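Down below is the structure, laid out as structure tokens.
Chain nomenclature is as follows: A, B, C and D, assigned in order of appearance, with residue numbering initiated at 1 for each chain independently.
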Amino acid sequence: MSRICPDPVLSIRNLRIGVGKHNAILHNVSFDILPGETYGLVGESGSGKSITGLSVMGLLKRPLQVTSGEVMFQGQDVLKLGNRARRRLRGDRMSMIFQEPMTALNPLVTVGRQIAEMLVVHRGMSWPQARRKAVEGLENVRVPSPEERARSYPHQLSGGMRQRVMIAIALACRPDLLIADEPTTALDVTVQAGVLELIAELCKAEGTAVLLVSHDLGVIANMCRRVGVMDRGRLVEEQDAKALFENPLHPYTRGLLAARPRLGSRTLAGRGRLTELDQVVASEDRGRDAPTLTTPREACPEVTA
Amino acid sequence: MLTRLGLTAALMLGMATATLAQDATPKDGGRFVYVAPYGSSITSLDITATPHTQDEIVAKAINRSLYKWNPESGKPELALAESVEKSADGKTYTYKLRDATFHNGDKLDADDVIWSYNRLADPKKALPGAEQMLQIAGVAEFQAGKADHISGLKKIDDKTVQITFINLAEPGWNLMSNFAPIYSKDYPEDQLASKPNGLGPFKLANYVPGSKVELVKFDDYYEEGKPHLDKLAIMLMGEASARDIAFRNGEIDVNVLGPVQYEAYGQDPALKDHILEVAEVYTRNIGFNPKVEAFKDKRVRQAINYAINKDLIVEKLLKNKAYPAVSWLPISSPAFDKSAKPYPYDPEKAKELLKEAGFETGLKFSVTATSNESWGVPIVEAIIPMLAKVGIKVTTDPVESSVLSDKILSDNFEAFIWSNSSGPDPLKYLTCFYSKTPQTACNYVKFSNADFDKLIEQAGNETDPAKQNEILKEANNLLQEEAPIWFFNYNKAVMAYQPWVHGLKPNAMELAIQDYEDIWIDASAPASRK
Amino acid sequence: MLRFIFRRTLQMIPTLLAVVLIIFVIFSVIPGSFISSLMAEGRNAMNADVVAHLNSEFGLDKPLLVRLGDYLWGLAHFDLGISYRTREPVWNVIEPRLWPSIKLALTAMGFAVVVGVPLGFLAALKPGSLFDTGTMMMAVSGLSLPEFWLGLLLMYVFALQLGWLPSFGYHPGSIKHIVLPAIALGVSPMALLARTTRAGVLDVMNADFVRTARAKGLTEPRLVFAHVTRNVLVLVLTTLGLQFGSLMGQAIVIEALFSWPGIGSLLVDSVSTRDIPVVQGTVIVIVLWFLVINMLVDVAYAAIDPRIKVA
Amino acid sequence: MRLRFNLVFGLTLAVIVVVAAICAGWIAPYDPILDADLMVSEMPPSWEHLLGTDAQGRDVFSRVLYGAQVSLTVGLVSQMINSTIGTVLGVSAGYFGGWWDDLVNGLTNVMLAIPSLVFALAIMAVLGPGLPSLLIALGLTNWSWTCRIARSSTLSFKNQAFVQAAKVAGFSDANIMRTQILPNILGPVLVIATLGIGSAVLAEAALSFLGVGISPPQPSWGNMLTDSRELIRTAPWASVFPGLAIFVTVLGFNLLGDGLRDMLDPHMRTRKA
């Protein structure tokens, strides 16, 4: 038995985030993401999954701050990098998509320009050159008549279109890691699948690893190879997606799954909204402290040689 | 008539006149920055259209009247005429006009005088200066529409004009008025307000409404060697605190002072040597409306005069920038009785009088007042506690100045505080208390006293000035005894000037009206005045 | 765009008409009259004939409604009537005051924008810092001082004590003369702008699209200039327009204090002398100024913000 | 931090001023009008006269205290009038819509277009100086903001479930406006009113300067400041203390208003993580 195990693109070790120096809200979180892998982070709102994503990007807002731990990105600890180096990584090597496509784009700037900006900043292209690339980018995310759309302002686009634009922005520099924070939550059901497929397809083509943050087990099940479950600032379970659904180890995860309608169904239609589950979960497990996963499980798939 | 400018005043002038006399030979050239302190604008450059002192300050530089007021002698004297002959009956005057030139180059002739006076008296134009024409024969008919011109004005030749008057009074008093100037008959009337054309020593260079009037020397001015200044700027500055800073900062050459600044300047070694003061012919007073029952009683009116410590108010509030009043006529009036004593401060006597009159308690009245610091609400504020001590409750009825006269003339007040002209002509101003003078003219308190009326009639028929003055003195003293008003003070006008300024005159009529042609500045003036 | 301006101009007419009506009613019941103001100096009483002549000359003997009708008829022909005081057409009285007023308003607003907006910006970039707290306390303080008091203080310090600037007056070409009145007038809009800008920047900096811009790896200056500034401007523009628009009217105290020959001091003069046609004229000008400025602000909005449709 | 600081500091200042005004009668050592002794005019601060005396020889301390009554009355009452007018017009316009809304909207635009100082000056000229006129002048001229906010809030609440429910339940329009809508807009109205108190105190001072404010001898900070502005060199205390009183009061209410706004603002910025 041997392992062909690439170095992880992102490796988080014992990450603690606090409000100021104390009051930790994220406790010793550790996990790895391999290149090209889609890793799901699931948990209810306030469980710390979005903060984890933001901390990787370096976008935590005061008074939130990382108090200890490592965020190794392609072998270097980004927490130790200076602001400039860190900024250069952002957008270029790692990028992020947010939940609200309605507000995540600058309303006063054409979408073409907002995409082109990435190339100007990170690739040093001239504006006209970048703009042509931006049109291509729009085409890639399947925006119809991209030439024309590039000249549009965000308010002239539908929600799904805007999220496609966000994807185009995020992938403009072909990053190694894409953090997608609830990318479809705010979208109409009918367009969610398309957007997710697009993310999956483009990332696969480029070999981009994805950290998919969601409370939506349906989305996670559909997209991810491995899933981490978060509860109140702790990573409580990590498993292959399949295994998780079939054999949840942690009581919290069981609670999550139990509350999910049509368990096991792999259709997107049967998503369970955690917000509705709070009470279920609470009644089951909230009383005692659940065991916490502090060392990550082996990320590599076991391969028989 | 104003020969005795007032001994006190003359003495106080000592300092100023000494400075003025020091450099006897005026230097020509330079720029003089004067202020018009009675508001932030002037109404019109056409002085015949307005009655305001503020406008007169500017007009004095631009225009000339037939006579002019001589502040030093205290008499009107000929200005635009070289000589005058009086007819035997004393009513017809024949004037020989000077060679004078208007700013547009026109020469002054007899027609200009006749045209100007006809225009002033024209009832359709309703000009304030019409008041000055009333003494001319034929004006009454002209105004009533019975004549198409004033019959008392006659052209003898181009340079000679004959004016007939209806009475024996000296015509200079009226015809010296700056509100009755001589204009050119050939000059378009609609231009007067924007491009004035006068006979005065300065002509208009630049007028910024609401800010300043800039004038330049008029080379063809009729007085040889005058004016001395090349340029004259008149700043329109109503706000005293701003004026103070501008004067101390050397931005303006004179400042007309209120009480506070008067005291402050007097104590400032850098400023105290350059202050000009004069007893003006204004009497400040509180008029009692006999409509109020209590005011019908002489004892109440007297009691109020006793109960107020006016010396203290003058000293503390007005910082001695006033002369406590004795009666109506001011110190500088020829009929002023130097031996007369003012009401002393005697609250006990006041209480006694009030008791006699049956107003021991419960007398209440309000004083209609503007916000003026020397004759407005602040003075009423000071007398409120004083009268409270003798059992009189006083309140203020604050109004804007345009409302004050309205309320008084429509008899809509209990008492008012005002500042009124009381000279230089004593007969004219005592006549205000003649019972037949209507309230809308100047008998604001509807004073009616048979003895007083008799004295006024007597004085009117008296041709000997000395005897006339004696009668008027008597009338003035009677007025004091009757106390239809509270006699407060006669204004002391005060002007501070920069050390390089010479030729200012202590004008008792109105200190802010200066003979600009006599003003000059010396070599010590800063560069901005050159 | 032109149609938009045209339509907005038409919309001004009812507002203006209402203003005229209100002012006309107010000043028809005002105590005192132009004629009584002539006698305010207590020197010469006017005889009844003169008063009657003046009344008929100015049409004051006609009933109120007829006067209002006459006035509106004149207004429709761009005729503001005749000033009681100077007996000139009202426009001739107002016109020379217009430019000084506009100049003062522009300079004061310029000062307010140039100082207030950057201060608010800088304060917002480090919220809670000493600079932020200090600036905002100063801004609130700036809003808490009586204007004439501030003006006197400025005069006292900068003209008298330091001798740097002239204390009063208007000289068409002079920059020095406008500094003190402009600052005295500009402090309050400056403070308001600093506050609005700060709030706006904080709002925008917390907006999702700024987080996006951060995630894009933009440098802080680029982020601020490309994504924050214009969005803040949209928020600040309203305050700016309202302040700028009312500046001509708010200047009355400062103009009186600094002997500045603007519309405001003309208004005060005209009210105190009861020169009603000029009062009406100046109020119309002041209101027009407000309306035009706010129309321009709307035009600017349309130019900056693609979400606002013009047509 | 700023949020709390504004609120606490502003409230402290405001409370001090209000208490001073209420207790003026007990604290003030002298009568503000009748205890005038010209013999002791323009005296510098001493134990006898804590803040000195003015030109009339009156105790500046006592007058500042009594002046607080007048200035605060001006501020509070005028803002109450403004808020009432603005709220009633705004809520009814938003609620009923139609021609009434158009009319109110037009009126608001008119009020907004005439600078309030100009309007107040005109009203003061008509009514004459004095406290009642001032209350009317300042109370009638500053409601346009309240009206706008009330209207737009009402519009946003009008179609919400709880209002619709009340309608279905058969409550009268007046009742719905009073019980369902009004409580929801009181916050912003209160903020505007608090900030407006400061403006009103300043407006009183400005109108005093223009000669149409509160008439002496009744002390108001505005007329004290105006009347003693020339004394700044010889007796600075006579104008500095009323000036400071204005400053502190306006500052207090402005900070309080800011603090309230930060507290009530649903998009509370400083704490959003």
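Simple rule for what comes next: a residue touches a chain if its C-beta (ideal position, glycine included) is under 8 Å from a C-beta of that chain, and two chains touch if they have at least 3 such contacts.
Just so it is clear, the model here is predicted, and its values are computed rather than measured.
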Chain closest to the middle [Cα centroid of all protein chains] | C
Which pair wins on C-beta contacts, B-C or A-C?
-> B-C
Which whole number of Å gives the spacing of the CA centres of subunit A and subunit C?
-> 53
Distance between chain centroids, defined by C-alpha means - subunit A, subunit B (Å) | 90
Centre distance in Å when subunit B and subunit C are each reduced to the mean of their C-alpha atoms = 39
Could you tell me which residues belong to subunit B and also touch two or more other chains?
-> 241, 399-400, 403
Scan subunit D for residues touching two or more other chains and write them down.
-> 125, 128, 211, 229, 232
Spell out the part of subunit A that touches subunit C in their complex, as residue ranges.
-> 57, 59, 87-92, 95-96, 98, 100, 103-109, 117-118, 121-122, 153, 155-156, 166, 169-170
Where on subunit B is subunit C touching in the complex?
-> 39-41, 43-44, 49-53, 123-126, 128, 130-131, 143, 193-194, 208-212, 235-239, 241-242, 245-246, 248-249, 251, 399-407, 409, 418-421, 440-442
Touching residues (chain side subunit D, partner subunit C) in the complex = 1-2, 5, 106-107, 109-110, 112-118, 121-123, 125-126, 128, 198, 202, 205-206, 209-211, 222, 225-226, 229, 232, 243, 246-248, 250-251, 254-255, 258, 267, 269-270, 272
What part of subunit C is in contact with subunit B in the complex they form?
-> 31-34, 36-50, 53-54, 57, 85-88, 92-93, 96-97, 100, 152, 155-156, 159-160, 163, 166-170, 172, 255-262, 265-266, 268-269, 272-274
Complex interface listing, subunit D residues touching subunit B | 33-39, 41, 55-57, 125, 128-130, 211-212, 215-217, 227, 229-234
